[in-house]
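Below is one structure. I have some questions about it.
Which chain is which? They are A, B and C, in the order written, and residues in each are numbered from 1.
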Amino acid sequence: MADLVSHPDEVRVVSKRFGQGATSIDRYLALDGYKAVQKALGMQQDAIINEVKNSGLRGRGGAGFNTGLKWSFVPKTSAKPKYILCNGDESEPGTCKDRLIFEHDPHAVIEGVMIAGLAVGAASGYIYIRGEYRYLSEIMQKAIADAYAKGFLGKNIFGSGRDFEVYWHGGAGAYEVGEESALMESLEGKRGVPRIRPPFPAVVGLWGGPTVINNAETLASVPHIILGGAEWFANLGTPKNGGTRLFCLNGHLNKPGVYELPMGYNLKKMIYDVGGGIPNGRKLKAVVPGGSSCPLLTESEIDVPMDFDSLMKIGSMLGSGGLVVVDDSTCMVKFALRIMKFYQHESCGWCIPCREGTDWLKKTLIRFHQGGGIKKDIDNIQYLSENMLGRTFCPLGDAAALPTISIVKKFRKEFEDHLEGRPCPFEKAGTVERLPVFA
Amino acid sequence: MADAPKLVNITVDGKAVSAPAGTLLIEACKTVGIEVPSFCYYPNLSLQGACRMCLVRVEKMPKLQTACTTGITEGMVVTTDSDEIRQARKSMVELLLGNHPLDCPVCDAGGECELQDMTFSYGAAESKFIDIKNHRDEQQWSPVVYFDRPRCILCYRCVRACGEGMDVWALGVDNRGSSSTIVPNFGDHLECEECGMCIDICPVGALTSGAYRYKTRPWEMKHVGTTCTHCGDGCKTTLGVRRSDTGMEIVRGDNRDKSGINGDFLCIKGRYAFDFVKHEDRLTQPLVKKGGRVVPATWEEAFELVGKKFKEIRDRDGGKAIGVIGSTRTTNEENYLLQKFARVVLGTNNIDHHRTADLPAFASALHGKANLTASMCDVASAPAILLIGNDPTNQHPLLAWQIRNNVRLNKARLYIVNDSDIKLRRQAVQVAQVAPGKYNEFVSSGMGALAEKLRSEQGLIIVFGSEVTGSAVQALAKFAAIVPGAKLICLADYANSRGAADMGVYPDLLPGYFPVSDASKVKEWGTLPAQPGMAIPQMLDAAKSGSLKGLYVVGANPVGRLGVEPSALKNTFLVVQDMFLTETATLADVVLPAANAYEKSGTFTNTCGDIQIVKKAGEVTTTKPDFEMIVRIADAMGFDVHKLVPFGHGTRSDMGQSRGAQSGEADQHSVWLEAHGLEPKMNPFDPMATLDEIQRLVPGYDVSRIELAAGNDQHTAIEQMGPGATQDPSLIAPANNNLFTSGTLGRYSNTLNSVIENKNPEPTAVASD
Amino acid sequence: MKFSDQFEARLAEMVTHYPTKRSVLVPTLLFAQDEVGFLSDEVISEIAGRLELTELDVRNVISYYSMLTTKPRGKFNVQVCTNIACLLRGGEELMDHCEKKLGVGHKGTTPDGMFSLEEVECIGACSWAPAIQVNYDFHENLTTEKLDKVLDEYKKKGTQ
């Protein structure tokens, strides 16, 4: 069980039931649970979609696409069944927020799935939880069973005459499966290789039926929007960036933890106030603002509102809300290497640039960090990353390239300091050799 | 007729392109001669978007787009070549080369490798990669399939060809990321149909052939596209040949030339089973029996002896004392020549071959009708197919491929009537189970509930095996007549079974299924015996009883196939033309070492009636084609050879030169002859001059010669031929080959045998033609 | 082969959740692995048969997912995260410590079959880093001292 934290600036929406015992369905009901879905049952499909659209809710998985707009792409009529798929394959390094939602408020996700289903005319939904989160799968399975037992799921929900099924589904260890089309492949019992798009899942998704895929936090936000109204939710954040966000503060911070803050909350404040600043009197060297796939920011760039558009403006991304703070004792070559090792390990291998690019970059960075770097390597790392960017089959290639490009650009000197057999200036002697070479 | 699909207009590199809606951009580009490079895209296989080589710039799209997955839309403006695009492609090649072993000097694919070509095209010349490459040892997956993992670029063509194309699904992908690898279905080895499609389709040297690897360099070979000599489907196979001590050696069979009726397809036999030609038991000189045993002899000696003996018997006992058994693997020209030789030179109708289908009944059923037979190509696009009997996956692999892919790509409906659980049932919409041996009854009784469904089809192709004979064939033809656009295919098993039948290698039928009593079509041959002759079993009985004094066997093994007692032939002068000392050849007085279909020219007619060219590829200089041997024997008998084959001055054949609109073919013909070392019109061994005669005298064979010479299939019309005849069904014996057996040829193919042994430690003996 | 009644009941229930049989494959493989310890040839063949898949197909899927294994592991699989959030807070030191303490490296198993060690990618414990998972249980905010205690606890549990 992960520890909970708090800060006065927090605005508790998605996390409002955290620590309140809401895994119990009765407790959830006492905390306004399943009211939103009952309200939605009385609404027209378009009304639900518009409410969510106007709330400014944007995908919390990282892409930041307007959720209501995404729902509106589902065709009104379809020969094949429509589905809702909750993406709970949380795996972006630096991100650990969905875990808390599943742990403390599983019914909110179920309710979000149901409302999404009502909005697009789907009668079943799947909640996909990564394999490592076994205890959360158990919580979720129990929550689903409880909802069935109460008659909230299954036939004739809330006496509406409508049916809705929700099922749990589990993964088995694959970051790539967090990509929405790979997630569908995985759910269909296949290797998690993304699909060719178009067609997009909203038109051709699970088993060929139109499918809405949303992140767990996104779906957990939906009942609050239905109950509190689009305007209320939108006003919590900045223009076009409605609501709040679970920010996962981690890395070199005094008070790491998952905090729910309004969209647009200042990053600097987040680090130094909410996160309690950097320990041991160290200085900030870099921040990963939204999970390991985002370009890194340096000290001079952190006075910025944390919303999708503001981060985009300064050449980074809000991503999945995983904020990794890096202090000045850290070797950025090693940091880049660790990120690349991750993407190399998680590349599905389908397309050439990602499969070969991540492997090549990992090898180069290992050698480089071990002191075997040559000058040409620095440009080569840049060149390879830039040639992966935008050319891969799915965004994983970009995820590997973007942080790497930013690190080489912003910390070139650190790379140069590693050249000509010089030992890593940051590593304790004798520790470099152990560096990752695992398959 | 469905409406023509709507045309969409796009602009590619400034050129206006119109193509049907839904066309992939990469295909639309091809129509105006713009080639967008790709590794993973392969027509008719599922889309991958994996290699990223086909990235192009589509206006209004933020990123480069893959032309192989992008459907064209009205007004699309596309750039396929620019600095940005070239750089994208160059980087893909660079990335691939990072882990590629660059062992081109010893790679089978070197010189015909798509990765080499792309590297050359996009100039990824500078090597940026200095780290250790991921190495894995080479693996042998079957006697004929090797996998060199570091060379693999993961285009997944092999996986798709095996699964989607072959419906075998023996290849998959294990692991992920840079550890991803193609794997065979049984861990360390493959259990599959060994078609070798995976090898052919591999753009690099990752999958190589056990039969070819390390044999030669591609540029040392000459490539000859000819027709396969194994089953009756008539696939085009490209034989790679190079000079050897004994002539021309065939080193490779593959399907690089995808222009044949088989498109992408070739089975194990077409790909690997050419190696019978160099089996150590291959006969390379004539053998003549002296003092009870055969000893080597010169050609002159052998021909003189045969000529003398045949003349003697004919003059003393009449033609009826000599029998001739023809082949299902010799060319149309040889079959035609052989029966003409029997009738004109020997004066006998005692001529037969190993029958594997009731083609005379088929001719009879279709006589005087039109457009009732389907070609092999038709099977790939017919809206519906009815398959009665046979197991095409084993016995007619191309037919199975056509059916399977028509179902997959065009959603054709397949109906099956069979007694066993044949693999094609997976593709069938409806299956009618019949008891073994009850096919004729099933067909003649109207095919029960299935008939109703079939009658609602249009353009149905009815394919039937040797299970259907006699009046049941008539019944099928009647049924076909009431289904709009229905056509028929009668399955015969060997490479030229159909040709042997069409050319009149029957005791009761002349070429084109005319009864021997009606020689009006071949008046120019002079007086012919009018009584039907003996079929093979009768000939053998007559030999045993002593009334058949001479037997001339060309490319057949009746003794082995029918289990004839050796003593039955002890008083018969037996002449055998073959490649090997078969059970029949062992008993012969004279054995003449024959060339096979890969070593001569002519034509084959496949089981559908599609005639195709057979081109000389290999050569064993000490053997002769059957055609030449027949002519030489006639000559040795003192016969005026001009009456047998058209050649030289006074030839009766017009050599294709006076055919009005088609007279241009004469040039084509002479070019072709010269290319094959033959003197135009002057050579008595020119099979194409006999083809002229066939085209003139056999109705339905008057197909375009230029198409034929160009290597295209031409459909003959059995409907225009004679009235056929009723056959004794016991004379029809299917070959019952499977994918790994092929009668005599299979027995002498070390590759086929190694595959059989690998699958089954005790190979089953196969004795047949 | 025989699985537990619970496995059978769950599988029977799960197949009703999807329009295709194979959809249950990934979670079912993990459940089977939990019971048997690893995905043996026998398990693969059994699951392939039940879901009407080829063994090749099942193996292709298994080898894609990093939690699935066809090789036996120790009773307790110690998974140390060294991804960025853990890296910054001592993940590598934990890994080093495990290697020394258990005497095995990445993907190694102790001779007594008690522990396996694995360096893993992000396990979603970033704000409580550094963290490990032993089988499915999270242990967070670790130091090498705390890690010793955790491992000793498991050892005790395993020898009882």
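In the analysis below, contacts are C-beta pairs under 8 Å (C-beta built on N, C-alpha and C of every residue); 3 or more make two chains touch, one makes a residue touch a chain.
None of these values were measured; they are calculated from a predicted model.
Of all chains shown, B has the CA centroid lying nearest to the centroid of every protein CA atom. Looking at contacts between chains, the pair that accounts for the most C-beta pairs is A-C. Centroids of chain B and chain C (each the mean of its C-alpha atoms) stand 54 Å apart.
Note on chain placement: the centre of chain A and the centre of chain B lie 57 Å apart, centres being C-alpha means.
Rounded to whole angstrom units, the spacing between the C-alpha centres of chain A and chain C is 23.
Shown for chain A are the residues in touch with two or more other chains, namely 174, 191-192, 345-346, 348.
Those residues of chain B in touch with two or more other chains are numbered 173, 175-176.
Shared interface positions of chain C, defined as residues touching 2 or more other chains, are 60, 64.
On the chain C side of its complex with chain A, the touching residues are 17-20, 22-27, 29-30, 51, 60-61, 64-68, 82-85, 87-89, 92, 96, 106-107, 119, 121-129, 133, 136-138, 140-141. Across the complex, chain C is touched by residues 2-3, 81, 90-96, 98-99, 126, 130-135, 165, 167, 169-175, 186-192, 207, 248-252, 256-258, 288, 292, 322, 324-327, 330, 334-335, 338-339, 342, 345-346, 348, 431, 434, 436, 438 of chain A. Those residues of chain B whose C-beta lies close enough to touch chain C in the complex are 169-176, 183-186.
For chain C in complex with chain B, the residues that touch the partner chain are 54-57, 59-60, 63-64. Taken together, the chain A residues at the contact with chain B in this complex read 174, 176, 191-192, 196, 344-353, 355-360, 363-364, 367, 374, 376, 380, 383-384, 387, 390-393, 439.
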